[in-house]
Each structure stands twice: as structure tokens, then as C-alpha cells.
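Presented below are the structures under discussion, each in the form of C-alpha cells.
Next, two complexes with subunit A in common: one pairs it with subunit B, the other with subunit C.
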Partner chain A sequence: MCDQTFLAITFGPCDSCSENRPLMNLYIKTEPINYCSLCMEIMACQGLASGETLKSLKAESETLRKKLEEERKKLHDVELEKVAEKAEALGELNMKTRRTLKGHGNKVLCMDWCKDKRRIVSSSQDGKVIVWDAFTTNKEHAVTMPTTWVMACAYAPSGCAIACGGLDNKCSVYPLSLDKDENLAAKKKSVAMHTNYLSGCTFTNSDMQILTSSGDGTSALWDVESGQLLQSFHGHSADVLTLDLAPSETGNTFVSGGSDKKANVWDLRSGQNVQSFDTHDSDINCVKYYPSGDAFASASDDSTCRLFDLRADREVSIYSKDSIMFGAASVDFSLSGRLLFAGYNDYTINVWDVLKGTRVAILFGHENRVSSLRVSPDGTAFCSGSWDNTLRIWA
Partner chain B sequence: SQGKMARDMSDIDILKMELEQLKKEVSTPREPVSKTSKDIMDWCEAASGTDLLITGVPDDKNPYKPEKGGCIIT
Partner chain C sequence: MAQTNSYSQSSNGVADESPNMLVYRKMEDVIAHMQDETNGIPVRTVKSFLSKIPSVFSGSDIVQWMIKNLNIDDQVEALHLGTLMAAHGYFFPISDHVLTLKDDGTFYRFQTPYFWPSNCWEPENTDYAVYLCKRTMQNKARLELADYEAESLARLQRAFARKWEFIFMQAEAQAKVDKKRDKIERKILDSQERAFWDVHRPVPGCVNTTEADIKKSSRMKQPHKTRKSVYGLQNDIRSHSPAHAPAPEVKEPTEEEMRHQIQHWQAQLDRHRLNMSKVAESLLSYTEQYVEYDPFFTSPETSNPWISDDITIWELETSKEPGQLRVKRWGFGINEVLKDPVGREQFLKFLESEFSSENLRFWLAVQEVKKRPIREVPTRVQEIWQEFLAPGAPSAINVDSKSYDKTTQNVKDPGRYAFEDAQEHIYKLMKSDSYSRFLRSTFYQELLQAKKKVNNWLRRPDVFILTTLTHSSLVHRYHTDSQQSGPSLPH
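Right, the complex of A and B next:
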């Protein structure tokens, strides 16, 4: 102890362990520090003479947050909409439902396209997972999961398998065979194990690895063959609801969104959270990368969709209207990134001009919430899944 | 790396984790929006010719047009 210390005894929360204990009111130089006797001994042993208290950490955090805001502000020298004034206006869009996929007995929660641009996998609340041919609307495969609320499903890049999961806290992979009578459930492989529901899953660049997001607050990367956990991603302070992998040309990152209103960007190899965005006012239900990989869009319960620029490290556009009062559940970009399709809890799909920030169309047709929405791999159409038990193909 | 979940950590540990994260983020390289948004726009315009939902596709080339008169459930 330095020779300027003097002691007085009071009772209250310790600055170090937060427990209510008799406190030694210690003054180191002139800074008052209230430690309980146990923590004081620990501090003395660790030689933390600078007093790393909750207070000082909070103060440092606050200073850094302000600095971060300043740094970001400096670079906010123009609005995207202003830059986009030079862009050509969009012509009128003529989109309508071209196919309706009927067959689910309950809410459709998720869907994904196969790389062959015609097959679709969808999953529903009643545990059914169906593979469709979107051209003919025929059902090619169906499997019943041993769980309800299958909130996530994905097609493997090879087109030879699907992954799905939900309230079972797992992600399972089913190889698809050409024999339609074959029992898919027999070949099922459990890959991911979380401690809460599975909210999202996607294969990485091959059939060998799967990335998952969960209500347990984490995301994780798994080896499909062995079921081994390769990397886990911690940083959200509540359920992770969605994830999207960066386009393969742009490197090894993915973005996740959660109930903590944050969108986090992660490095796949190191597990590090490299960027974080927290401008939404409510849960983020869906995140999708812009096709160039330099930005991503989000859909939130706060009824807005937003565009986040990764190189400028900030939000650069909000897609919203006073008349849109219901949460946005799912978004995807058209092939060039000019259009953003968003499905809402008010049963509609709004189409936004990504650059100019304006709405260019509203699509009606679903009779309940639109839960899932994806553009086909060649950009000829997009598919929407809904709580009205159907999927629609729009073109 | 096997990190802990927020609910298993003490307040000081959480603050230290947030502090480390903030220190990283403050030193992340950033570019001005005037440059990055122009790049976003340029990429978009360069790809616009391939965006079939904007350019449209002639009926005889698009597998989804013409509409089928119903759907087949097998």
C-alpha cells in the first residue's frame, strides 16, 4: 500500500465484486476506491495499483464509444441517396405470382433454393420438410422431422442433401436420393447441437461444413461428416435469429442478427467479431449480403429494413414508411443488388430501390405473414414462404 | 476459441470483453461514404444488364411464364 492511504469502514456494494460487504474506503493517491476486504487483498496481491474498478472500466468504455462515434461521423460525408441521384430511374416492374406451392399443412417458416435454380426446400411448423420442383410445382421429396417448428432449412451446394432444424436444437443433414420412395429419415445425420432452438443454417462453399445460428446466443461452424464443432462465435447478448455467409469472392466472413438488435460481422477462421452495428430499434429477423459483399441489408421487427456499408462501417440507408407498421421478417437482393425484396408481418412484400431508398412496388397475395423470401440463383424469380402454408414464385 | 456466454460472466468480465471489442473497432480501417457508396452504385450499374427481375425476360425464355392454370400436388 502506498503511504498516503487511510481507512474508514462503511457497508455497501464493493466496486470490484459488487457484493454488499463491509467496505474499506481506500484512497490511492486521491482516487476513492471502495473494496471489500477480500477484494482489497486480491488487488494487493495482483498489484492493480491503478484500481481497475467497474467505474473505471465503464468510464473507459464510454470514452471509446464516443471516439468510435466520432470516427464514424467523420467519414459520413454524403448520403447514399445523394450519390444515387445520378443512377438511372427504374422502369415499372411487372411482377406477379407465377406458381403457388401448396402442400404444407401448417406455417411455412423457411425456404432455400438449390443451385440448379429450380428446386426449393421448405420447412414448416408441423415438422414437415418438402423439396419442390418450382417449374412444375411437383413435390419431389418429403420428410417429417421429429420436432415441430422447423425454423431453418438449407440446400447443399451439390444439390444432393438438405439441412434443417428448429426446436430440437439441432441441425440435421438428409442426403437426397434419386429414388423417391426411399425413406429419407433413415439416412439422417445429426450435425449441430445447440442449447436452444436452431434459427438459421447454411452450408459454406461445399457440402462439408455448416454454419448455424441459435436461440442460445451463439453461431457455430460444424464439420458435417464428423459432427465436430470447428468454431463458435460469441458476442450477441440474446438469441441469434439469422445469419448470412459473405459471397465467396469476398473472403471468409458472415453476418448475424439477433434479438439484441445488433448485427455482427464475424471472421470464420478466428471466431472474432470484426464489426458491429446497433441502429435497429428491435429484433433483427433477417440479414443478407449485398451481391458485391461490401454491404448487407437487414429486416427488423421495428418495421424497417436497412443497408449497412461494411467499408464505411455504418448504416447508409433506411427503407421505411410511416404506413408500414408491422415487422419485416425476411429480405433478399435481386442479382445486381438494385432491388431489395422484403416480406412483412402484414402479409405484403415491398420492393425497394436500394440506391434511391424509395419503394417501387407492393406485392399482395399471401394470406398471412411472409416468413421467408429468396431470389433464385440466376435471378429470374424469387420465392416467398408464408404462415398461410404456401410458397409463391414471383417473376 | 471457446468463449463464455454473457450470462455466465461477471459484470467486470463483461465490461472487459466489451472494452477489448471497442478497442478493436476504434482501430478498424474505414473509408468515407462518398467513396464506398459510389462503389456500391457502380457495382450495381455494371451488373444491371444481368438482373432479369429488372430487365424482364421474354415469355418464351422464362420457365415461369406463361402461368400454369393451377398446380399439381402429388
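Right, the complex of A and C next:
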């Protein structure tokens, strides 16, 4: 007699085909299943097959991606810097701090200009949102949010409201009243609801709609009056850290950047990701459109800023230096698009010649990270907000 | 500007390379070069009075080395970068709690890699208490507590009142171990330990470089890497069992996600791309065209308000009369005239004088609809349909049949984009037809020239006083002209 070990096999109805057969007892992820041997084999094959399908899909995807890279490369017949050699060299730029706005009790995380070219809204880690007349440096309004780390704020195009949000996962709109004594918090309106922190918000060309980006990996368009979600944008595989609306009158697109190192261009109407750029080595902290709307710049934790052109469908320039080791937090263009102002985590602001790719100035002054930087609507100055609790206006 | 990025090539799948790590690695690379035997900073022992100061180099040594080896333009930049590296604790002044770099004979020492920030230190207050307590047990003048440290110690004593006996014992034990060390070694280790605490418990008023951006902090919390205990007080998670928190699982993409991804790549491949030479030319010509509007290059006509404190330029812009520069800009492209409210007004006025304003009014109305609250959209869409597209519409516009059919359908279930196709068609029409006529018209040309004439004439000093009155009457006339034919835009 052979020494054989017998499997204890039960006999009964198969979970799959319901036929009475000898069953094999298995546990799949702690769930017991009892299949007959035939169904067991079919399941194994299917498993293999779907594994195969997934594998072949992955391979197909990778092939297409490589092909896309090749196609993009083919049209790279010249470097931007080379063509830019014929552009006039920039003279000495004499930029200084013209105003310092003091009043926040903690890190300034975000700021935005009003269309009137002189007012600014800024938000801070301590939950305070302040509206300033930057020209006189007077504080005009202040709101205390019920949350700390207010990472996003925006001024409405009409100048009559502001939006802000952060760790509360919401974006709220506050109408600004002329009555200085009025309690702004009383009229607060919750518009956007995300499932993670709010990283960015902007009004789209009117007071009635807001576009938001969130740590939950999505961006969304909301109707302010009703709080209704008009469109959501899915595609980032990690936190969305920044967004910028295309400057065109006819355009319906915006670009977003995330912790997944990608910059995605979206169609507002369809919610589709229409273009994607994947060359950064770390989080993209800020994206800004070039004034013509044909390109955009990005600032990343890999300490570089880059220019991506939408028509060429590729990265066309990289702004970096070995001595710049800290991440870039925020960027914006001067009105003509010739200068790129970038604020870094090493407390400095570097000014780049967009066309020639060289650094034209380095601005010292802040005593901690520069978290936010925007050029004023008429291009006469730019404002930088910093973890040193202040904002500075440079011109 | 190509840059050899030797730091993060393996970024795919290396979840460890959080943004902070990237910076630490770069700084550590510099430190490694600084410590190079041949080309690094010369580290020496300096004789001072009755003792020796081991293992130091001067601030100027650092600055000189940086300028020579790091592609840095000037001393200011070197000092800034050096101060940052000191603030992160990679080297430190041996006689100061404040971590800055000075370009003089001040002595600095390198920090031991054990204390580097890349080891994800998060020391607890109990450790700090042990440290301060230990310091008070040592009879060296150089180890006397600074004011802020004494204050911290007092606070910690109150906070840990119940544990204090235990903390005291730990401090004693540490002090004992320290005493056994070689004198020179002790000097170095003491200073390095102090520098570590200067980073994690900085002097009040100094930047705490260990503060993290909350958006990134969730990724930086790597429990299997974080070190919390300097003196072995806490259950240092690292030294615990190897079965620590696993790295976050990378989710396998589903079949559907992969198909979607493939679709995306396909769509990208089908896209029409321009070659670089065309794109570069376009970028160049754009900046050239707008350089005279860029206040960073061309000073505004009156002055930059932020520099001169004179806000004339802003007042001029809000007035109804557009300056010559502004009118010129409308000629750059139809978007410029549509973007500027005064431009829109002038364009509309011109078209009305030619009885061809329906297109522009339609376009403006549709833009308006997209900006209204969603609640108002259905009504507005109906109004626009009636005014511009319905059979017998008072301001009938000409749209191609395809767009017309689509729009007819859309209007039945009106959304914000009901008129998208029609609007696109009308935009193209305006661009090629109405807009070019506008630019060629005497109306526009006069706007472009008229101000110029007046301005130049006014600038002559002999004419100035005489013309003050005339100028205001001209202005007045222009005002009334533009107020006459107030168009009623659908609101």
C-alpha cells in the first residue's frame, strides 16, 4: 500500500456551476469558495487571461507612450535658446521692494491681485485672510477662517468678493462689503467640497464660477450661487497642487500640476485631459500660462522651472542652475512674457529670461520660503508672499 | 539649458524621494565635495591660548571654496547658500547658537552624518529636556545655558514634572558616558550635538528649517525611517521589530484604466504638432510686440505708480478715452479688442454704424451666459435664441446649417454651452470680416491718430497754456460722441 496523503474533498453543489461534484475548498482573500475541479481550472485560466490582458494592455500603453515621445522629438529641430540669440539682450533690471505688507501672524501661503491693480488678498497658516490696498499698505478687510493652513485664496473679477480655503477641504466665498465694521464671516458661502485639502482656487472670468484644485487628486468647476458641481476633472494620480486658467477670451481650458509630477491641460466643457506633460522630477508646485496662452511655465520641487509649449506639445526650455538646490514654489510672467519671476524655498526670487534661458537677477529680502508670487494685472509690479509672514511688492 | 540631473533618475517607483529628500541629497553632495581630501576645504586644528580647537575651518574658507567650485557668481550668493546649509545643520559656527555663515575668520565645523536632516529626525521634547539637563551638569563655561535655553529648561521641567526624576537619571547617565570620552573627541561631539539642537530647537527669531509644508508632510512621514529618540528614551520605532509600517501600496491599474490610458496616448499621437522653429519664432515675436507694454521694460507713459507714488496712469486707464498705445494694441489681434471693455465698446460702435453688429452682440451675449449662475441659464438661452437665431429673429445671424441644427437641438435642453458651435462659427466670421474692416476703417484710424496729434501738439511749451481750454473742449466732444449710440447689450 502506497503512503499517500489524501486531500479531504467534500462533495456537493459547486459554487460556480451548481452541479453536484467533488469540490475543492479554497480561500480567496479570506473568503471560502467551493468549486468543482472544472470550474477551478476555468477560473485559473481566466485569471491568467486577465493577467495576460492587463499585461498586454500595459505593453500597448508603453509602446504608444514611447511612440509619442519619438513623435515629439522629431519636431525638435532647434533649441529655443538658439533662436533667441537674435533677440535683444536684456539690460540691467533694477527691481526693489517698493512696499512691505506686515500684519499676518504666521506664514503667508497664498495671494491674489484684484483687477484694480492695487488691491491684494492674502491668506495665512493661522487662518487669517486679509484684503490690502497694497499701494497704501492699509488693511481693508480681515476674515478669520475656522481652519488653519488657508492654502488658497482668490479675488473675484468684480472686486466685490474673495474666495479661500485650505485644510477645511472647502472653498468659501466672502462678499466684501463697503462697511468696514460688518462681520464678513456672517455672509460666508461654502461653494466647493473636496475630500482633501484645497490647494488652489480661481474665479473663471466671472464672480459666478470657481475652479478649484485639491489634495484629493481632482479639480472641479462650481456654480457659486448654488454650490453645484458643474464639472470635475480626474486624471492626476496624486494631489493636485496648482491650477491656472488660460488667458484667452475664447479658450475653455486650464492647466493643473500635481504631486504626480505631471502637468495636465483640461477642457472645461468636456472635463477631458487634452494634453499632458511629464518631464519634471518632483512635485509641480505652480503652473502659469504664458500671456499669449500658447505655453505655460511650471515651478517644481526638483528646483527647476520649465516652459511647455502647447503647439509643439513638449517642454521647450528649462530654467535651472546648480547653485539653486531648493524647490521652486511659485512662478509668473511679466506682461510681455519675456521675464519669468520665480519664488523659491531658499527664500530668494530668481528672474529668468524666458527666451534665452538665463537668469537675469536674484532678489533677496524674504527671511523664509517664498510661497506665492503673482504679477499685477497691468504688469507694473509683482507681489511675493512668504513664510516670514510678510508680503512684498517689487517693481 | 540642459542640466545633468544626477539626483533623481530613479524617481520612478522610488517613493522615498520626497521633496525634502531631494534637497538634502543635493546639499549632501556639496558637503561631500567640501570634505574631499584633495579639493575640499582644508580642515585643521587651531591653537588657542592653552588649548587646541580641533577640526575647524573659517567662514571665508567656505565662501572662497563655494565661489570657486559651485558656479556661484558672487559673495552674496555664496553667503546666502552657505547660511542655508548651516541653518539645515550641515556645518555650524562653533561659538554661536545662531546658524549663519559669515565671510570672516569665524570658525566652523562639519556636522556628523548621524545628525544629518536626511535621517528624518523628529526629536521629542523629552530628549531636549535630557540634553539641557545634562548641560547643567557639566562644569564648562562654554556649555553654559543661553537665556532662551534656560527658559526652555524651566518650561520643560514644569511640563514633565512627573517624569523629571527619570529625565534627570538619563541626563546623569549621558553625562557619565560623555566624561569617559577623549577630551578632543568630546569637544567635537559636544559641539555637534549642540548644533543638532540648534536646528531642531532654534534660537527664538531664527528660522526653523525643519518646518514642513503640510501638503507634503503626509508623504514625509515614513514611520519606518523617522528617528525620534536621540538618547534612547522613546521606543525608537526604527530600532524596533522589522515588521514596521509597510511602504504605501502602489495600486495596480485596472483594465479600464489602462484602456483609458491607451485612448489618451492615441489622442495625443493624433494631435497636430508644430515644429520648434515655428514655435520659437512665435514666442519671440510675441514678446517683441508686447515689450513696449511691459512696465518692466518700458516705463509707463506717466510713471510706474509703485516707484513714483503717482497713480495718474491708473486714473487714465479707467477714463473712457483710450490712449494711443491702448488703441494700437487692439490691432494685434481680435482677442485684444474683445478683452478690453473700451475696445469692445468701440468695436461695437463701429459695427452699429455699419448696421452689422448682430454678430458681435451675439458673441458677447453668449459669453455673458457662460458667466451667469446656472439657475439663470435656461432663460438666457431662450432669450438669445429668440433674438438671434429663431426664425424671424430681430438680429438674425448667419450660421452654417450644421451648427444651426446642432444649436436647435441644444436649445431644447439648454446648458451653458448650448451655443458653442454657433459661437465658434461667428467668431471666425468676425475675425476675418468685421475685425479687419474695423482696423481698416477711418473710425479706428482716427482713434489711432487723433490722440497722437493732440498729444504732440499739446507738448509744445508755447502751445501749452493756450490749448488747455481747447483740449478740454475736444475731450468733451469725444465724450458726447461715444455716449450717443448706447447699444443695449442683452443683460
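Throughout what follows, the second predicted complex is superposed on the first by the 342 of 395 C-alpha atoms of A that agree within 3 Å, B and C clash if a C-alpha of one lies under 4 Å from a C-alpha of the other, contacts with A are read in each partner's own complex, and residues count from 1 in each chain.
Basically, contacts are C-beta pairs under 8 Å (C-beta built on N, C-alpha and C of every residue); 3 or more make two chains touch, one makes a residue touch a chain.
Predicted, not measured: the structure shown is a model, and the values here were computed from it.
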| item | value |
| --- | --- |
| Overlay on subunit A: subunit C relative to subunit B, clash or fit | clash |
| Most subunit A residues touched (candidates subunit B, subunit C) | C |
| First (subunit B), second (subunit C), both or neither touched by A:R99 | both |
| Which superposed partner A:G215 touches (first subunit B, second subunit C, both, neither) | second |
| Touching partner for A:R72 - first (subunit B), second (subunit C), both, neither | both |
| First (subunit B), second (subunit C), both or neither touched by A:S248 | second |
| Subunit B versus subunit C as contact partner of A:N138, first or second or both or neither | first |
| First (subunit B), second (subunit C), both or neither touched by A:L57 | both |
| Touched partner set for A:E19, first subunit B, second subunit C, both or neither | neither |
| Contacts of A:V316 with subunit B and subunit C, given as first, second, both or neither | both |
| First, second, both or neither for A:G357, with subunit B first and subunit C second | second |
| Single subunit C stretch clashing with subunit B - from 27-35, 207-215, 243-251 or 297-305 | 297-305 |
| Common interface residues of subunit A - those touching subunit B in one complex and subunit C in the other | 54, 57-58, 60-61, 64-65, 67-68, 71-72, 75-80, 83-84, 86-87, 93, 95, 98-99, 118, 135, 273-276, 290-292, 294-295, 309, 311-313, 316, 334-339, 354-355, 378-381, 393, 395 |
| Footprint of subunit B on subunit A - complex, ascending | 16-18, 52, 54, 57-58, 60-61, 64-65, 67-68, 71-72, 75-80, 83-84, 86-88, 90-91, 93-95, 98-103, 118, 134-139, 216-218, 231-232, 234-235, 237, 270-276, 290-292, 294-295, 309, 311-314, 316, 334-339, 354-355, 375, 378-382, 393, 395 |
| Residue ranges of subunit C touching subunit A (in the complex, touch as defined) | 1-3, 5, 7-8, 11, 17, 19, 22-23, 26-27, 30, 70-72, 76-77, 80-81, 84, 207, 211, 214-216, 219, 252-253, 255, 258-259, 261-262, 264-269, 271, 273-284, 286-291, 293-297, 300, 304-307, 311, 313-314, 317, 335, 338-339, 367, 370-375, 416-417, 420, 424, 427 |
| Residue ranges of subunit B in contact with subunit A within the complex | 1-6, 10-12, 15-16, 18-19, 21-26, 28, 30-34, 36-41, 43-45, 47-48, 50-54, 56-57, 62-65, 67-68, 71-74 |
| Complex contacts: residues of subunit A adjacent to subunit C | 50, 53-54, 57-58, 60-61, 64-65, 67-68, 71-72, 75-84, 86-87, 93, 95, 98-99, 116-118, 135, 149, 151, 167, 197, 199, 205-206, 208-209, 215, 223-226, 228, 230, 239, 241, 248-250, 259, 261, 269, 273-276, 281-283, 290-292, 294-295, 301-304, 309, 311-313, 316-323, 325-327, 334-339, 345-348, 354-355, 357-358, 362, 364, 367-368, 378-381, 387-388, 393, 395 |
